[in-house]
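The structure that follows is given in the form of structure tokens.
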Amino acid sequence: ADKLAAFEARVAADEFIEPKDWMPEAYRRTLVRQISQHAHSEIVGMLPEGNWITRAPSLRRKAILLAKVQDEAGHGLYLYSAAETLGTSREEMIEALHSGKAKYSTIFNYPTLTWADIGAIGWLVDGAAIMNQVPLQRTSYGPYARAMVRVCKEESFHQRQGYEIMMHLAAGTDAQKRMAQDALNRWWWPSLMMFGPPDENSPNTAQSMRWRIKRETNDELRQKFVDITVPQADAIGLTVPDPAVKWNEAKGGYDFGEVDWSEFYAVVKGEGPVAKERMAVRRKAWEDGAWIREAADAYAAKQAGKRKAA
Amino acid sequence: ADKLAAFEARVAADEFIEPKDWMPEAYRRTLVRQISQHAHSEIVGMLPEGNWITRAPSLRRKAILLAKVQDEAGHGLYLYSAAETLGTSREEMIEALHSGKAKYSTIFNYPTLTWADIGAIGWLVDGAAIMNQVPLQRTSYGPYARAMVRVCKEESFHQRQGYEIMMHLAAGTDAQKRMAQDALNRWWWPSLMMFGPPDENSPNTAQSMRWRIKRETNDELRQKFVDITVPQADAIGLTVPDPAVKWNEAKGGYDFGEVDWSEFYAVVKGEGPVAKERMAVRRKAWEDGAWIREAADAYAAKQAGKRKAA
Amino acid sequence: MATIAQDQALFDYLLRLGDDALVLGQRLSEWTGACPTVEVDLSLANMALDLIGQATHFLDAAGKVEGQGRDGDKLAFHRDVLDYRNCLLVEQPNGDFARTMARQFLFSTWQKMLFDALTASKDELIAAVAAKAVKEVTYHQELAQEWVIRLGDGTDDSHVRMQDGFEWLWRFVPELFEMDGVAVEMAERGIGADVMAFREDYDRQVRAVIEEATLTVPHDQRPILGGRQGHHSEHLGHLLAQMQFLPRAYPDATW
Amino acid sequence: MATIAQDQALFDYLLRLGDDALVLGQRLSEWTGACPTVEVDLSLANMALDLIGQATHFLDAAGKVEGQGRDGDKLAFHRDVLDYRNCLLVEQPNGDFARTMARQFLFSTWQKMLFDALTASKDELIAAVAAKAVKEVTYHQELAQEWVIRLGDGTDDSHVRMQDGFEWLWRFVPELFEMDGVAVEMAERGIGADVMAFREDYDRQVRAVIEEATLTVPHDQRPILGGRQGHHSEHLGHLLAQMQFLPRAYPDATW
């Protein structure tokens, strides 16, 4: 109980908790769940974009997208490492992903149908991710906070690149404009869902905020996202697919329509439009790669044996 | 010896030999080799064309090519059946193909690089095949001869369709003309090789002609092919890639250059440009299909058991 | 105004019919040379050929209805994903042979009932094409059904694969019975079919075959929709990239 | 006349350099999300990115030499197979990871020696790109070499796969050392490299790594040539159909 009080005092004082420090089991569990979910999202998030790398419409766009996917693999690595400091192995986390036990961001269960979706993902999805992640740079768990510092810097770069793709399309031919608007229509609501259920249905929020694992509520972040994004859409001549969007002078932000939470919960349950495909691709990659990982282990063991013998 | 004399007399009288009739072992072996090789050529021959079905440039061309490939599968079936009447099973023949023991036409070891290659295959390859096959409608082995009657009718249809593709390309845009000429350049010499080695190096020809398994020599057929094809090329403004081609009034046919027989023998040995790819695809199809053939057998056995029990 | 709207619905309806056939024909033709037996090569090529033929009729007709000078080829080779109107089921990748047969069985059983209904269409061309195609489709349905039963009731391995095939594709079945604005309008005008009229028949037949195949009818899954509005899976774009390459690379050429 | 001929050879030579990098980069990028570990995902994306960068430099330069207003994008996305000048090795499909690593090792070992030589090119741009790229390529070569050794000397299964990878690709190696008219002219003018000058080095290094990997050097096979003259395998057309789809489908658009 003393330890708990000391822990809570440190957190309240915005000190970092480090791997060797004592921490409540629930804190550890919550962090493992959140960090591994975040790591999985980086890895699964490579798939919708990977779908367009081979079809990127210019050498420059191809290079930018490859760099982005490379960043995401890197983020996945930092985050898996951060989670490992909490005593879970990468294999365990990956098995949990493949068995459906661990989650990843619902947004990656939607398909990338046209090139504009790559713009929309950068602009909206990375934009929402940043909104979620910026506060996490000051999250109470040190390794996680430090990973987020690197992640956030790169994500905001991705967000600008995504917006730039959309800007280009929206200023392009009729077909390009249509693609851009269609992508915004399809990605808008799923992006709003990325902040999680409304605060009144988010039972863990209070505890997570007390532990400084979270620093703003879902609804606060969602509002912030809408307030930033609606004018960005306007600026390039696109329209957010929500007739209820309207500036509210009193609250100093936009009013907006109700998210279809039944859709959200269905996707959380694994019923997203391409959820099965995403998991099938990940599982296949993992299973097809088993012989390679085994070979690498076998080789490393042989080398270790040789060094020992020498 | 009596049987042999009677057999040879019947063959000399242009009578058909039927499956139940006595025949010399060498005759049987030669026929099995030739018919199965011919069947394999139909099956392997589906691959270079299959490569373009999914990219055929119009709905009509796609349908024509599908119909052609369907015909080829049909030819393969008649021919395997004809060979089976000689006491060999389809499985044995296919294993011989996959192990490299049985051959197929060398021509299918060249890649189809552009759409014009589909025209060239129809025009030149089917053209050469017909030239080889028309005499086989009167070959001494009844089932083979009857199979060839059906095959020849369809092949000449394919040949005309191929020529029509080339005619269209040769009358098309510059890019299409270039494609057509390039295809002719690449397929011309391999087509001449389809008639087999020069007569002086074709030791089996005499015996095969005596048995009416063959009715014209390789060089005779090759000359006939050149005589028919060179004017066809001229007619659509394409040029056969052989500077030695020249009308010879005295012999009433074209002179033409020497085939590179070292290339031919290398391809026969399995060193054609895409020989490995062709066999890899065939083997993979066969291996991937094992569970399906097994399931069909298991189901058939169950049904037979049920019928017996009833 | 009314006339344009009517044409638009008919145009869209013809695209749906044509695109279903075209995309499935394209998928089947990917099997060329990779089949388990020569007989299967022959029958899949044959189905593909029938479907390409149907697509040609429907897309040519769509072009005429549209009246902008586009023919079947123009529509087949110069529309991108957002303008394709096929159902999601037909664009799903072949997978193994069991999955291909599950797809074929689920689609051809539906298409047969649809074409039976369309033989009574007030649109003469649709009625005529359906009347001709219904024979072809009957054969497709029978062939697929036989394979479903054979693989389901074959070996343990084939049983598992056949079950997996149905589990994988089950979520695309509800889209076949979607009655959106276009479908309702077409049915009301006596041109299109009311697919809900044979929904029960379909379920009964599918269930009977799955059971005869000693398989289990999959649990209902959340329907995946969108194809009829141009919102496809990620697979269609790859299929079109390959299929449309030549006409797009050589826009001035005819073939 | 002479000048045009000189430019044509340089144009062709730059295309070869650019197309090798572009096609291999495209192949590597097909691995995205399908790698055995996240680390491998990262390193293959990194190699692909380097190669696309090299391709951009060389193809932009080719466009300038040609002087017809084509830039790297135009050359990358609007040439069909007969105008592509890459070697056949790089267009071969990925196969399994062992085959991908065999391809990478055989190519990067060669490309490293080539770029070492090209740092002395009289063409300033080639020399500058090579000088920058040689660092990247050194890393590619090392990474592939490590995997070759690890898989060759790993498990029985990985050993067989690694050996198969080399057996399958061996026939495409001689093309890397083809000195045709363009290559000879470029070498004589001090712009290109005489690849035969490092043929022995190459053979020695490849042999040493294969042996360290406990593998067997494949028997020499009949060389497969043609890529430098635009006569490719059947695989390149499919790669281009996918890669070029958008610019071809939307010829008026910029991205």
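The letters A, B, C and D name the chains in turn, as written, and every chain counts its residues from 1.
The working rule: a contact is a pair of C-beta atoms (placed from the backbone, for glycine too) under 8 Å apart; a residue touches a chain by one contact, two chains touch by 3 or more.
Per UniProt, the chains are C, D = Phenylacetate-CoA oxygenase subunit PaaC.
On a predicted model such as this, the values are computed, not experimentally measured, just so you know.
Colleague: Could you run down the chains that neighbour subunit C and subunit D together?
Modeller: A, B
Colleague: Just grab the chain with the largest centre-to-centre distance to subunit C, centres being mean Cα coordinates.
Modeller: D
Colleague: Which pair, A-C or A-D, has more C-beta contacts?
Modeller: A-D
Colleague: Would you kindly tell me how far, in whole Å, the mean C-alpha position of subunit C lies from that of subunit B?
Modeller: Subunit B and subunit C have C-alpha centres separated by 35 Å.
Colleague: Using mean C-alpha positions as chain centres, tell me how far subunit A is from subunit B in Å, no decimals.
Modeller: 57
Colleague: Can you list the subunit D residues in contact with two or more other chains?
Modeller: Counting only residues that touch two or more other chains, subunit D contributes 80, 237, 241-242, 245.
Colleague: If a residue has to touch 2 or more other chains to count, which residues of subunit A qualify?
Modeller: 55, 175
Colleague: Based on which chains are in contact, what kind of graph results: line, ring, star, complete or other?
Modeller: Graph shape, chains as nodes and touching pairs as edges: none of the named types, so other.
Colleague: Per the touch rule above, enumerate the chain pairs that touch, sorted by label.
Modeller: So, checking each combination of chains, I get A-C, A-D, B-C, B-D, C-D as the touching pairs.
Colleague: Given the complex with subunit B, which residues does subunit D contribute to the contact?
Modeller: 80-82, 168, 171, 221-222, 224, 226, 231-234, 237, 241
Colleague: Show which residues of subunit C lie in contact with subunit D when the two form their complex.
Modeller: Within the complex, subunit C contacts subunit D at residues 80, 237-238, 240-242, 244-245, 248-249, 251.
Colleague: Given the complex with subunit D, which residues does subunit A contribute to the contact?
Modeller: 43, 46-47, 49-50, 53-63, 66-67, 69-70, 73-74, 76-77, 80, 115, 165, 168-169, 172-173, 175-176, 281-282, 284-286, 288-296, 298-299, 302
Colleague: Residues of subunit D touching subunit A in their complex?
Modeller: 22, 25-26, 29-30, 32-42, 45-46, 48-49, 52-53, 55-56, 59, 72-73, 76-77, 96-97, 149-151, 153-155, 157-158, 161, 242-243, 245-247, 250, 252-255
Colleague: For subunit B, which residues count as touching subunit D in their complex?
Modeller: 48, 51, 55, 111-114, 175, 178-179, 182, 186, 266, 271, 273-274, 276-277
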